[in-house]
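Next come two complexes, and both contain subunit A; in the first it sits with subunit B, in the second with subunit C.
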Partner chain A sequence: MNVAVAKTGSGRAVSDLFTSAEGRLPGSPAVIATRRDAFETYERLGLPHRRIEEWKYTDLRALVGELLPLAAAPDAAALASAADAVKAHAVAGARKLVLVDGVFAAGLSDVKALASEVGFKTLQETLEKDAGLLKTAAVDAVISLNAAMASDGVVLSIADGAQLSAPIQIIHVATAASASAFTRSQVAVGKGVRATIIESFVAAGAKAYQVNDAVILSIGDDADVAHIRLLDDAPDAVNITSQFVTVGANTKVNFFNMTSGAAVSRLQGFITLAGEGSDLSINGVNLLQKTEHGDTTLVVDHAVPNCVSREIFRAVIDDRAHSVFQGRIIVRPDAQKTDGKMMTRALLLSDEAEADNKPELEIFADDVSCGHGATAGALDDNLLFYLKARGLPEKQAQALLIQAFVGEAIEQIADDNLREHVIGIAERWLERRS
Partner chain B sequence: MPAVQETVERVKRIDVDQYRYGFETLIESDKAPKGLSEETVKFISEKKNEPAWMLQWRLEAYRRWLTMTEPTWARVDYPKIDFQDLYYYAAPKPKKTITSLDEIDPEILKTYEKLGIPLREVAMLEGVEPKVGEDDPARRKIAVDAVFDSVSVATTFKAELKKAGVIFMPISEAIREHPELVQKYLGSVVPTSDNFYATLNSAVFSDGSFVYVPPGVRCPMELSTYFRINERNTGQFERTLIIADKGSYVSYLEGCTAPQRDENQLHAAVVELVAHDDAEIKYSTVQNWYPGNSEGKGGIYNFVTKRGDCRGNHSKISWTQVETGSAITWKYPSCILRGDNSRGEFYSIAISNGYQQVDSGTKMIHLGKNTSSRIISKGIAAGMSQNTYRGLVTAHRKATGARNFTACDSLLIGDKCGAHTVPYIEAKNSSATFEHEATTSKISEDVLFYCVQRGLSQEEAVGLVVNGFVKDVLQQLPMEFAVEAQKLISISLEGSVG
Partner chain C sequence: MALLEVKDLKVRVEEREILHGLTLTVNEGEVHAIMGPNGSGKSTLSHVIAGKPGYEVTDGQILFKGEDLLEMDPDERAAKGVFLAFQYPVEIPGVATMTFLRTALNAQRKARGESEYSTPDFLKKVREVSKSLNVPQDMLKRGVNVGFSGGEKKRNEVLQMALFEPSLCILDEMDSGLDIDALRIAADGVNALRSPKRAMVVITHYQRLLNYIVPDFVHVMSRGRVVKSGDKELALELEASGYTQFEDAA
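Take a look at the complex of A and B:
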């Protein structure tokens, strides 16, 4: 990539930030050295901008510009306000693991209530030994930045054969305004495991904060895993999340993401199907209003034969919001009998809304069936008229149609309780709109 | 899967023998010194007896080119081109001033005869011409402009076109005879600063076709250009400019061939189309440059910038392309839908075999109100080739009521090739309606089985399926080209389509 290495103002701000935060970042001297390397990579690249193809529609230099200093460790007042937020956003029956301003809050978490097959550690604890978790493939600058700055996270390992009845919910709470939180978590799911993992991003009164999260998820053979991510950050927050997922053989994985907050958000998922016979379903909903910018970028890599992948993505875009969907399906030369489908639809509710779709197919094997579809458009006038003719006010008629529109993605959530929870968030968003 | 296996093996066997146009014509030619410099640009301009403004235009482009770097974003892989190791101008050496077709070097005429290009109007002029509009459209008259290496050697039917008011001539003549038109339109769709290869073309283009259709005129015949690269180590940089004035219509065909050579040759053309109010331009290409041999050696680098500007309201530009040749094809015929209610169309068949690489597609830029566009792209990848569709559909804030439909399908034959789809879809207002679908698959075993059961050979069955696969696009081609294109598809995939 022939991009000029520009030292921007934001690059320098981080430089100060890193030196000032270095003493507070957990880890042995070896870990600190890894962090410094990662940081140097970041400095060399700078914040991603539109000349970098993967970030074409999400120019962080223009959208974010300045990176904020690392949030201070939460004090008692912060934990108290976080407790309220946790209560409001907890999924009924889920085992909660709470990170407040990027630091694990044991007092708010249900560590003791975790099933016996679930091993738990914080990132801080693992970093005392080695820097392994910081060494992910650095696909871009924000991931390097995360490795350099990650202050905490949860490290879970679910033993082979575990059948977890209660979902595990990781809740990221922001209480510090104008500060940033860097978290990195790992979930290692063993063979034959049945589990549901939820990640929520919420604010406890904080404004204008920044989140940079990384999740490393490995799923063993014969497993059945659901991963639900709910982004409900403050309307002026920034949230950049990178997911690295590897899936074993004969496994069923169901991903869902809903973005209904944050001024600027990007979820980038790198998912590798590494075992044959697996079934991957990825579903997403973007609910955007005002000047929000929501980006979902997915790379699904079919590295082995006989896997199925399905992606359903829906964006509802109001006011001057901007939704981005970039989905790439890669089929490696040996991955015969791959079945990959991707459908992305954008609903534009305002004349100033913008939807950018880039569904890509990259296919090197011949015995495959792959396809994608993309549409963009407004609400159907005929349907609206039908509902209005039956006495529904305009906004309510719209809300009904929007619910139906996003319903197709939300329906993919198998757990009734969880699905209702997600529908609740979508309904609240619709209320905010009217 | 015997059918597929058979196909794969047959495709593998294809080598240069398949390329029918790989002969070289030995004629004396007049070349510019090797390499590119201001002197080369001046040399070309002088050779063409160009006015001072044209030279200035070229030099500005050349200076701009010096500051540019080669783009690398396409999914194509080739050794770096040494731009100083090319000849930028080669012309068949004129024995004397040519006043009629009979005085053209018979070798060149023979070349075109071998290619099956009707340069001679003789038969038609002697009264055996069929009436226009007769049942057999294949016998319609076609005016041809033949470009041999860097210069246009002949343009037919000039007189008849003149009667209709249509200007069809080599662009080098147009620069001298219609400077006001050329100055007004040249570079107005593809500016000199547009991209690396377009800028290079602006500096060194030697010839090409110029078409102007006056208001309200329906061009009485198909216009056609045949490009032939003959000389060794030359780059061909032709420039085509077509202007359809208000309410006019023109259909233009373009064909390309080159001899077989070990080294790669560069072809960097620029095509500009301008459609005014209610005008329509139909531009068809059958591109069959030499694709290189079975080891991937040689072949043409086809780096082309083609763009149409629907400048007027209710105007329409339609691109149809059949891409079977070239070692590397890198082109995106585009439409700027500026006028209200204007329409852009793109129909493409891109076939890659052997070691060919194709990165092609289109851009539909919706700027006016109620503009519509349609993209149908069929990619067929066989052998070791890589075939990429890359396209952009964008609706500007003010382009209310913009509509697009895109379907791009890829067919894979063999397990060593790749087919890729990279669409960019940008909707910037709520009344835009965009639909996009893409599929990639191989020929279904069920379908093949069905055909074979009914007595077709494996090969006929594959042929049937492939023909069905590309039918949507073939139908868009003018009759003369459709026949040729169908033959070309057979040659390109010989072994798999019979």
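Take a look at the complex of A and C:
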């Protein structure tokens, strides 16, 4: 890591990254103290590297090296360019909540149009009172770094019984080049809620920026929630996102993530099934080209009996790109009748494309059904030939087959507008292929 | 005018020569039938004309409208008017038949410098064609050939042929798997496409198909060569006497 290190009066090492940002970071003095502790943890650990088991395939020291300074709060010009990006990336019918360079932008957001059952605050507002939201499990250094540096985020609470007809879309827009945005958001979903939450990461012309996001999502009993994350950052950006999810009883959760941008990305999800009878479905799609590196690392913790989890992870890997999927399923001793399965399917479009796949089952109960599987291969030559014999040029024939491959995941998205939106992103990715 | 000229074609698959110097000329407006025992190289010939990879042409040439077909990618051949109705059409899960048909038709038109079909025009055209071939609309909503019966797959091939309006139609055993009614409908569809500018090469094992699609010429293939050519009477002869006489000749 190349961050310059300065000594403070107390003799503790605090790098420029924090000291230069400290004055601008929101929060009471107590919050600042929490941040400082978190930063010390980060500094002690440093950026994760390949000798840390969980980061074996994603060596941030090698891939990212230098952390960029905190982005300045967006000025009028930044907000104007963000407005265009928001227009381009908004899902029709969704209620938008926009973060520009890590700061909530009220003028671009639909706070007033949120359903009455949805409580909204910014992270900044909550940090005026207490540091609670910064105190997640410090699983690794990037999470500590996020706690130290988080400049803003959205804090949502969806009241028991709310049936939200319109999805809520949190849009992260980057306008500042060569700068970092640290965001942290919380979504607390009450009992019996039906809701769709979208998170989009996009660039408004910005290049070579870094995103470190954390999401704390708690879902109550008897709920039906879809969470769709669309990482469509600039091709030279870095995006590290950590999700902490707890799921109540008899709840249905559909996660979908599609990565179609960023030079380096890591989505790490820590999902605890904390109530019986719940059904968790996770669909991941990595669309990677050039030298992109996309890592999805999920820990699904079956803490209670009688839950079902299904993870299907698809990767389309072109050129010299590298896709990583690490899935761990933990079944606690009394989590009997757990049914947990994960599957990875990699489509390799080039000889130099790389897919790493690390499934792990940690099973401490005896009456369970768990498993994992993986396939990797190229496009089927016979199918390609059939399409070409009907007049489709190679690239177009490939595109149809790739769309079919990822379409199986995209089909799981229930909302029509959202599904079309996601198909559009995949199509643009296909058009970018050289 | 000669539409297709196959001259002394030698083709290898995995180091083994399958076609040993095959010659065949098809003029505009003609219908040629190719018959011959299993493994004699009929599908190989059709694949090489369509441009399927995996075949090594070691000698000879194929001209289409005077141009060297072997220099073209399969999609260029299709855009120029070569169409192969496959003996074994593949299933393509996740690609809706309608999307496939529209993408293919427009790709061909684009390659020829023609304007692409608008969605309504395209739908109208597909509806017309599928109606005349008795292809249910429901079939078009599914993935390409996915879950189609053998006969339905064949009908889907004829439907594509009618939609793309190629100038050379090669039908590789389109009659296999079709029931009698379906055979008649498909043959009617093929006959409707007969025109002075278009030629057909009909590969079949059964004389019956040739009662519906009456050929101008019949060729017998054996062991990688055309060993006898004649008119439609030859097909009747074959029906009566089988191929053994030609096995010796080859």
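Just so we're on the same page, the second predicted complex is superposed on the first by the 419 of 434 C-alpha atoms of A that agree within 3 Å, B and C clash if a C-alpha of one lies under 4 Å from a C-alpha of the other, contacts with A are read in each partner's own complex, and residues count from 1 in each chain.
Heads up, the rule we're going with is that a residue touches a chain if its C-beta (ideal position, glycine included) is under 8 Å from a C-beta of that chain, and two chains touch if they have at least 3 such contacts.
Since the structure is predicted, the reported quantities are computational estimates derived from the model, not experimental observations.
In the superposition on chain A, A:N382 makes contact with subunit C only, not with subunit B. In the superposition on chain A, A:E427 makes contact with neither subunit B nor subunit C.
Comparing subunit B with subunit C, the partner in contact with more residues of subunit A is B. Within the superposed three-chain model, A:E128 lies out of touch with both subunit B and subunit C [touch as defined at top]. By the touch criterion stated above, A:D366 is placed in contact with subunit B alone, subunit C being left untouched. By the touch criterion defined above, A:A374 reaches subunit B but does not reach subunit C.
Contacts of A:R390 after superposition: subunit C is touched, whereas subunit B is not reached. When the two structures are aligned on the shared chain, A:E40 is found in touch with neither subunit B nor subunit C. Shared interface residues of subunit A (contacting subunit B in one complex, subunit C in the other): none. Listing the residues of subunit C that touch subunit A in their complex gives 50-53, 73-75, 77-79, 84, 86, 89-90, 92-95, 99-100, 103-105, 107-108, 111, 143, 160, 164. On the subunit A side of its complex with subunit C, the touching residues are 381-383, 385-394, 396-397, 400-401, 403-405, 407-408.
For subunit B in complex with subunit A, the touching residues are 4, 69, 72-73, 397, 400, 410, 412-442.
Against subunit B, in their complex, subunit A makes its touches with residues 2, 53, 333, 336, 346, 348-378.
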